[in-house]
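Quick heads-up: structures coming right below.
Both complexes below contain chain A, partnered by chain B and then by chain C.
The block that comes next holds the complex of A and B.
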């Protein structure tokens, strides 16, 4: 292993071609990952921020928050279901909103809610709202009075909340009455009666199985509801599953290409070093020791390339964030590094057969 | 004690339907502290004999004992361990690792055996000092002359205190004067340690440095 490390330190140029390719592939994987996470987080905040385990929709809504309607009668049935500890209403209206001092209308998801949840304080007074930080890019500031929907319903920004968006629109969290007023002005055909919500956030009893309670709720309402776990509800948002699988496929293919680069490079390197490896075997190196050196070099090249690629992406990301829904999470960075290391190990394994077949007797003569 | 004992060794290669006898009923012994010169033309079997003695090839028939170890039926793993401890090689092309310093080219032998601590470093530096390379230990092979590289190769062969050193054409790439210097160095280093050596050469002029010379022709050792 020391032999392999010394070569890396003293002849880094030898690995430049493979390293450069891996830097580019790392940047691509991190960029795609950041885009995927930005799209995911920017679309799902409203549901992910719910501390409740279950979300109840009307069964004919196909898990769509916008299409769903839960009446007070159905809510009562839900609340009475064994295993249900608490129920709170939830709804959303997608509108344009004027911002003081700004020419452009901001895209806003007005969220009506009843109970505080993860990171979201209790509902503010009527006519006020907690704004998601992403609305800062549209010029929103605490204290601003936004004009929501066609009727320009006035809502004052009481303060910031984080990670609370819906379908790439900045969330504005308001008490139910304000939400109904905005919804009615934006979509008069969608006016909701008092007490009706689009969905219910259900907290289950301690120790209860959420999936079992979900089934019980749908049974109790006679099939009027379709109840999902929070994560299932997140995945049922329009385009989320397709987006996740598409990006994951592209990232997977990119990782595969990285493995191919490593496999090809180290195969050629091993071929070039056949003579040297024969001599090393002749003077006492085992196949395992030689192959370990190859793996160490492959992993080192992958890790160093990753560092360079990650630094570039981190430097560029402030620019990306302003133009794209891009968020580079520490978990994404770590996952990408692990994936690259794994592909490096697998890619270098392609050289194993060649290393095994090197005959030390060829060192003589 | 005998450093090398080869008894009735045959090496036969199969080439399609043909058999090529590279070594035929070769019997030779080399005592401790003895230098044997093996002389013969190209294709005579010198390299085959050297390879078998060094555990790089296994004989088709016969027995090989080196430093008291019967290596004839050793497994590849056993042969690897044998090469780490009982034999040293000086290759015709020297074959130093180009990105390792002179000191590190010696230490790498100890590293393969997991013995690369302080004692190994001290031994490597002592050997290089005896070889006249005290002030060249930190140089890469590309920064050494041909003669200096040859001396590093000799040091590498002696690093693990082998019972037998196998030297393949040590003077083929050197002029006469340099070749004589290298042969003198080999004799001094080998003899001084009680190590035996087999030197393969086609240059008859160098055989007077050996204690004994054996001719090989078409795989047969002269009696």
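The block that comes next holds the complex of A and C.
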């Protein structure tokens, strides 16, 4: 193993070609991962930030907030269902908003809500809202009065909340009356009467099974509702499942290509060193020791390439964030590293057969 | 032995090595083609409806930032646009996403409401006819097997309004969902049926055609200059600037170019290492009379074989993946795009091999007598 590490230190240039390819592949995987996370997080914040276990939509809305309508009568039926501890109303209006001192209109998801959730404080007074910090990129600052929708409904930014966006529009969390006013002015055809919400967030009784309560709610409303767990509601947003599977398969194929590059490189390297390995075996080195050296080199090349690739992606990420829904999470960086290391180990294993077959006797002719 | 034979003999004796390389190139080609297919299909599925409608200029509410789903045009703005010089014809165009029951299944669908005979009509009707009255619709042909065939009836899940399909459009989907076109009056009925609380149904856009002698660009500029709170775009601008289109394009192009770069690096480094390994044998061949062209020819033949096999493999895997993929939209790639990408991979592969070719070309036969491994004196 020491020999393998020494070779890496003394002759790093020997590994430069494979390393460069792996740097580019690392960049590709991190870019894809960052894009996937940015798309997922930016679209689903409103649903993920609910502390309630269940979300209730009207059954004809196919879990789309903007198409769903829950009347006060249906809400009363939901609230009376056994296992339901608390019910609160939820709705969004996707609008453009003017920002003081800015030329461009900001894309805003106005979220009407009744109860505080994880990370979102209690609703602010009428005419005020908690803004998602991503709106800072559109020039929004606390204290600004935004003009929402074509009627420029004024809403003052009371403070920041985090990770609370919807369908790539910056979340602005307001009390239900303000949301209803914005919705009616921005989409008169989507106006909702007092007491009507788009969806309900339902907290179940302690110890109750959320899935069972969800079925009980849909039964109690006579099929007027479609109740989903929070995670199921997130995954039923348009395109989320397809997006996840498409990106995951592209990342998987990229990792596979990285494995092939490593396999190819180290099988060539092993071929080149057949003579040297024969000598090593002749003086007592075991196949296991030689192969460990190959694996160590493969992992080291993968890790060093990963570091270079990750640094480049992190350096350019501010530019990417301003143009694309790109968000690189520490967990994504870590899983990509693990994936690359596993790939390196498997890729280098292709050389094992060749190392095993080396005959120590060939060292002397 | 001819250079090609020398190249093939070596490939036959090192199947794993060349197989791995061809496999890597094949997968890279697959990555490029598959993503090109996703990109093209996504864009067509996102904005096909904008491209395939008759209005030359579309007017949005300014706060929507050219996003149809977020746009409404207020009555005052409609009157102001109609009064702008250069407006030849003007009609409302509505768009909304509805839950429809088609073939017994709930489906999300985008529905456009247009004025028959006015600007904003679907232009790519490939079968049947345009809707003439209430309760009729044309649907996207891509969804005909999902209950949107001619003669079939779909209903809104809320309100139960029936729509009979009387025609089919192609490449005219919007927002990657089944897309229907109905008269504006039917669109208003659908809106009110879904939400009885609706206070008014306003058009999402105004579809405008310029008067003779006015260009679409000039008309769009004139509308923006004279009417507050609206944005006017020509048809192609509206498609290019639709929500997400630019970002999707940029993201995919970054990914595709990174993969192309990997093709160049992988091919390049493989043949450089191979050449370095074979240097003594190649030097000996040169010393016994093999001309540089012979060795370069053999190398070129190997590069061509690897690239050719990689391309065939990549195209086959792509064809299989496109047939079996469930990306939520019909994925296709045109033969032209396949040919373009294949040619580009060839060029990149050859560019990546330049270093190896130069190394072979620079081999000095005299080295043969200076290398102890070849029997020479150091």
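Convention: the second predicted complex is superposed on the first by the 365 of 365 C-alpha atoms of A that agree within 3 Å, B and C clash if a C-alpha of one lies under 4 Å from a C-alpha of the other, contacts with A are read in each partner's own complex, and residues count from 1 in each chain.
Everything below uses one rule, namely that a residue touches a chain if its C-beta (ideal position, glycine included) is under 8 Å from a C-beta of that chain, and two chains touch if they have at least 3 such contacts.
This structure is a prediction, so every number in the text was calculated from the model and none was measured.
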Quick check on the superposed pair: does A:363 touch chain B, chain C, both, or neither? Answer first, second, both or neither.
first
Looking at the overlay, does A:10 come into contact with chain B only (first), chain C only (second), both, or neither?
first
Answer with first, second, both or neither: which of chain B and chain C does A:2 touch in the superposed model?
first
For A:250, decide between first (touching chain B), second (touching chain C), both and neither.
second
Touch test for A:95: chain B only (first), chain C only (second), both, or neither?
second
Could you look at A:284 and tell me whether it touches chain B, chain C, both or neither (first, second, both, neither)?
first
More chain A residues in contact [chain B versus chain C]:
C
Considering only the touch criterion stated at the top, classify A:276 as touching first (chain B), second (chain C), both, or neither.
first
Shared chain A contacts, counted only where both chain B and chain C touch the same residue:
none
Residue set of chain C touching chain A in the complex reads 16-17, 20-21, 23-24, 27-28, 30-31, 34-35, 38, 61-65, 67, 69-70, 72, 74, 96-99, 106-108, 156-158, 176-177, 191-192, 194-195, 197-202, 229, 244, 247, 250-251, 254-255, 258-259, 261-262, 265-266, 268-270, 272-274, 277, 325-329
Residue numbers of chain A touching chain C in their complex, please.
17-18, 20-21, 24-25, 27-28, 31-32, 35, 58-62, 64, 66-67, 69, 94-98, 104-105, 107, 149-150, 168, 184, 186-193, 196, 238-239, 241-242, 245-246, 250, 253-254, 256-257, 260-261, 263-265, 267-269, 271-272, 323-325, 350
Could you list, by residue number, the parts of chain A that touch chain B in their complex?
2-3, 6-7, 10-11, 275-276, 279-286, 289, 360-361, 363-365
Which positions of chain B touch chain A when the two form their complex?
47, 50-51, 54, 56-57, 77, 80-81, 83-85, 88-89, 91-92, 95, 97, 99-100, 104, 108-109, 111-113, 116, 156, 160, 168
